[in-house]
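Have a look at these structures, which come just after this line.
One chain, subunit A, links the two complexes that follow: it is found with subunit B in the first and with subunit C in the second.
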Partner chain A sequence: MLAAMAKALLVLILFVGVCAPFVAPHGFAEMSRDEALSGPSRTHLLGTDEEGRDRFSRLIYGIRISLILAPLAAVLTTMIAVFFGALAARRGGLFERAFLIFSDALLCIPWMFLLISVRALLPLNADAGVSVSITFLLLASLGWAGSARVVRVRVRNLLVRDDQLWRMASGIGDARSLFLHVAPNLWPVIKTQFWLAVPAFILSESNLSMIGLGVAEPLPSLGNLIHELENIGAVRDAPWLLAPLLVLVLVLLLLSAATNQKRNETI
Partner chain B sequence: MNRAVVACLWTLLALGALASELRFSVRSEPRTFDPLLVDDSSSETIRYLTGGPLIRLDRSTQKPVAALAASWRVTEAGRRIDFELRPGVVFSDGTAFTADDVIYTMKRLLNPTTHSPLADSFPTGGKPVEMRGVGPHGVMIRFPNPIADLASLFDQVAIQSRTKPDAVLGPFVLSEHKPGISILLVRNSHFWKKDPIGKQLPYLDSVRVSIQPNREAEALALERGEIDFIQNIDPEIYDRLSKNPDRLEVFNDAGASLDSEQLWFNQVPSAPLSSTKKAWYADSHFRRAVSYALRREDLCKLVYRGHAVPAYGPVSPSNRYWFSAAGPPPSLDDALKELKAGGFKRSGDTLMDGSGTRVEFSIISNAGSKIHERTLALIQQDLTRLGIKVNLVMLDFSSLIERITRTFDYDACLMSLTNVGLDPNEQMNVWVSAAENHQWNPSQKSPANPWEAEIDKLMLAQSASPEMKDRKAAFDRVQQIVREQQPFIYLVHPNALTAVSRRLRGAAPAMLRPQVYWNVELLSLSN
Partner chain C sequence: MRYAPGFDADEHDLDSRLSAETKSHLREARQQDANLGRFLWNFSRKALYGDWGYSVTLNRPVRELVAERGAVTARELGGGLLGAASGGLALAFLVYSSGSGTLLTMAASMSALLLSVPAGLLGYAALWLRLPSGLVLGAVLLPYLFQYATSLMESMRHRPHLLAARCRGVGPWRIRFAYALAPSLPEWLASLGAAASLGFSLSIPIEYASGTPGLGQLAWQAASSRDFSTLFALTLLSTAFVMFCSTGADMISGAGAN
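After this line comes the complex of A and B, so read on.
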């Protein structure tokens, strides 16, 4: 019941984000320089920021970017994890050992340092949309190691089960066996890894934004909107600055509720 | 037993209260403790607190005053300077300070293998500099060329011991360095200066300089009484703190500082950019158009909350003598005229160059600076009025420096320029085309443009002229060329904002750096 409600709310928030151009009262980059730092009003429900941009509209666009790109990145990272995890389990031997060493190395490297380094090497002349896609692509391409190890263990367990040995003895081919018998049993693990990756990526983007390396201006994301809270003293005078943080916490809680249910399914 | 413990605690607390330790923070780790290699503001802080110069620039009166040299005389039209050293002065380790130490320091400074950033201030043209001791306390230095405002340049030259590299002549001595955390300086008991009633200076027992890159954390530390002052405070934090009536700090807005925020286009011929882009950036019409389209008043109002003044040239209006006023601020129409003159044309909302290529470029700046992020957001919108698409890229500081100093793989950059002194000689390392800090096209073998050649000539002429009137005329012409060519597009001069704890006595914040602790030996703390 709780999971269903969480999912329904997530869908609603996602819907609002997707329909941002129709729902938001102003453009995310639209500046009213004479109305900078104004408080909440009918025109600007959450007031305006330092450049006179409508905070409410930017929040809606921010939801769109975080809630569309984080799941897309999670899909990509889960696909990479399944590919390498399953291949390592199936091939075994040297390949599996190399996979374990590589994934260990990837898990040990401080990801923030790696992201900053890789991002600095990217071309500068990418517009904000491409830049944000690259940020999430980077997160996806660096964040698959943990999931891949989980997948590997699960595939290994499936491959040594009695029914699998029976299939091999019956002459059923590798590919057919993997797709028809292993994959369906692996599905709950894949779903769980996906649901775990989504909040992790939203938070990673927030962390990058907090140090100014996340989604580039003028595009908003939940991460770079929270950047304003660095000036925590300002919250005393303008508590509506907390809105992006509250939305982020809500989204993460909803994702957690959904993830818990998936975990239970897996167990 | 318990009583003994309590008594010990009270004794420790009492001792702690008696020891007067000034605490403040810098935003990064000092890159060096060698006073001749200082090239960043954190290292400059340590040099100021530990180094002893022959002459000190009084930040309040902006005049040079005697320090280790009891007197000095500049002769031969600014070519020669004679110092009469203060007798009886000793280094922090007790060894005597002599003319040989001055000569050793100057030789090391001028030696090209030292790579001292201060060497640019004493241009010798590769010719030898004559130095010798004169009598028991005299030193004579003769430069091959006249050097303008020679005495003031010695403010940054901390004299080193020729025998003990760690011995200093300043009010404090380096005692402890915890990398990334703090630097503890303790009182130099051999410091030469006494107050008018003969009491040994400095009054403070120690200075703890913590390393705190986060400005919010710095502000919180001031509010909690963990540090005693902040200088160059962010306008947003300044406004927030100063609005609170219960504050324990004194706030001071000293008006426009000497610093500036500026944008420049990459004009390095070997830069890995397309020939189309290189042509745009080399075109003065294009640079002027970009400059004219920027609404600097909005930057002052929105980004700096009124704590800044618009900048149209390299000299801040606070620097009254050297400031050369520009005409009325250019408008968007002027920008459009410049684009037309440069062969650019509008196609709907898009600007095209003569070959039909859409005008689009990126601006890089340092990540984590809210001021720069906001400035760039406004610049981006201002330039859309010309049909120019701007991509904003925030990079971590080391990547940024790598691009602007080594790979030159960037279109345009926004950065702050810190000016320490009033004299144009302080900017030699920026304006001379061979200089490393000539950011738009550094370290040129020969000037790339006639106007750069003229700036070189004018800067060298003003630095060598003994006549202030001639120097002023030369530097006015430099400012005019800069306004015409816009190699740097100046945006604003931020105000010098400081917040000082009321327990700090003797502080008189000035516009020049270091604004608060320039008279550190006279500062004290009340309980």
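After this line comes the complex of A and C, so read on.
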């Protein structure tokens, strides 16, 4: 029941984000310098930032970026994980050893150090569109190691099951067996890894954007909107500054509630 | 020729205040490490002899910077990890012992809430409230360790050894300590390696936000100014630290299990 409600709310939030151009009263980069740092009003529901941009509209666009791109990055990372994990389990031998060493090495490097090291190799003053692509592609390309190891173990277990041995004995081809018999059994693991990656990527993007290495201005994301809380004491006079944080926490809590059941089922 | 800032080119190439001669000198200085592979090779070779390079941003040898700031991060990480480990285990034991669904829901909700807040934001809060950054790190790590300890102890609840002990009439507190807590300790200790890795990662946003002059802040400065010697030295150091912690945790848990 709780999971269903969480999913419904997530879909609603995602819908608002997807429809941002129609829902948001202003553009995310639209400035009105005369109204900079104004409080909530009928035209600006959450007031304006120091450049006179409507905070409410930026929040909706921020939801759009974080909630569309984080799942896309999660899809990509899960695909990479499934590819390498399944291949390692199927091929075994040297390939599997190389995979284990590489994934171990990737897992040993603390996540944020790895992210900012690779991020620093890429242009730092790129325009907003490039920066958002770099941020999420980076998350996708570096975050697959843990999931790939889980997939490898699962595929390995599936490949030595009695029904699989029976299929091999019956002469069913490798590809057919993999797609028709192993893949459906792997699906719950894939879904779980995907749902685990989504909140991790949203949080990582937030942390990266907060330190100025994530999504660049003027594009809003839940992470760089929170950057406004740098002067956290200002919240006493302007509590509406907390709106992006509340949305982020709500989204992550909903994701946690929606996926807890799935995680438990897989375990 | 146009240069895009990235590896082997930086903002100096776009700085109109610098003369062509200066830019040319800067480029020549970078020629030694003209590509990433060569840079990494040279860096690793020198690192083996204790030369971790020179920070162009802070104008000091990286070794000195690491020695100076490493102590700050070590204190922060040590304190945070110790606090989170003891707090998480104590809370999990309390929840397990009480068997109260309400307490479990409250603790789980609290930890879910802490997991949902970006670490950097807690860093801002620490700066504002003048709290030590180690406390923030502890608050970030606590939910992970609490959740793991809870699931381990809950998994013990229906284990045969515990049911047998109950049938033999062993007292409830002895069951909790000797049959639920003690057998879950080795596995739980192994999770400290992962927690240390996470803590090291999160030291970057926390130290950035709270203004703590540790390795995390240094890594951020190095990444923002593309100071690769410093950045790679820190990444290698943090990797070595994580491997050391993981191996140590595995050894402790292995010894405990035996």
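Here, the second predicted complex is superposed on the first by the 260 of 267 C-alpha atoms of A that agree within 3 Å, B and C clash if a C-alpha of one lies under 4 Å from a C-alpha of the other, contacts with A are read in each partner's own complex, and residues count from 1 in each chain.
Everything that follows uses one rule, which is that contacts are C-beta pairs under 8 Å (C-beta built on N, C-alpha and C of every residue); 3 or more make two chains touch, one makes a residue touch a chain.
Owing to the predicted nature of the structure, the values given are computational and were not obtained by experimental measurement.
Taken together in the superposed arrangement on subunit A, subunit B and subunit C clash. Of the two partner chains, subunit C is the only one touched by A:L253; subunit B is not. In the superposition on chain A, contact of A:E230 is made with both subunit B and subunit C. More residues of subunit A lie in touch with C than with the remaining chain of the pair subunit B and subunit C. In the overlay built on the shared chain, the residue A:W111 is in contact with subunit C alone; subunit B does not reach it.
Applying the stated contact rule after C-alpha superposition, one finds that A:A216 touches subunit B and leaves subunit C untouched. After overlaying the two complexes on the shared chain, residue contacts for A:A29 are found with subunit B alone; subunit C is out of touch.
Residue contacts after overlaying the shared chain place A:A120 against subunit B and subunit C alike.
In the overlay built on the shared chain, the residue A:R42 is in contact with neither subunit B nor subunit C. With chain A used to align the two structures, subunit C clashes with subunit B at 435-443, while the other stretches in 309-317, 327-335, 435-443 or 507-515 stay clear. Residues 116, 120, 124-125, 211-213, 230, 232-233 of subunit A touch subunit B in one complex and subunit C in the other.
Of all the residues in subunit A, the ones that touch subunit B in their complex are 29, 31, 33, 36, 50-52, 116, 120, 124-128, 131, 211-213, 216-218, 227, 230-234, 237. Of all residues in subunit A, those touching subunit C in their complex are 108-114, 116-117, 119-125, 199, 203, 206-207, 210-213, 223, 226, 229-230, 232-233, 245, 248-249, 252-253, 256. By the touch criterion stated above, subunit B contacts subunit A in their complex at residues 214, 216, 219-220, 236-237, 240-241, 298, 301-303, 360-362, 364, 366-370, 373-374, 376-378, 380-381, 389, 391-396, 399, 402, 409-411.
Interface residues of subunit C, counted against subunit A in their complex, comprise 4-7, 11, 36, 112-113, 115-121, 124-125, 127-128, 197-198, 200-202, 204-205, 208-209, 219-220, 222-224, 226, 228, 231-232, 234-235, 238-239, 242-243, 246.
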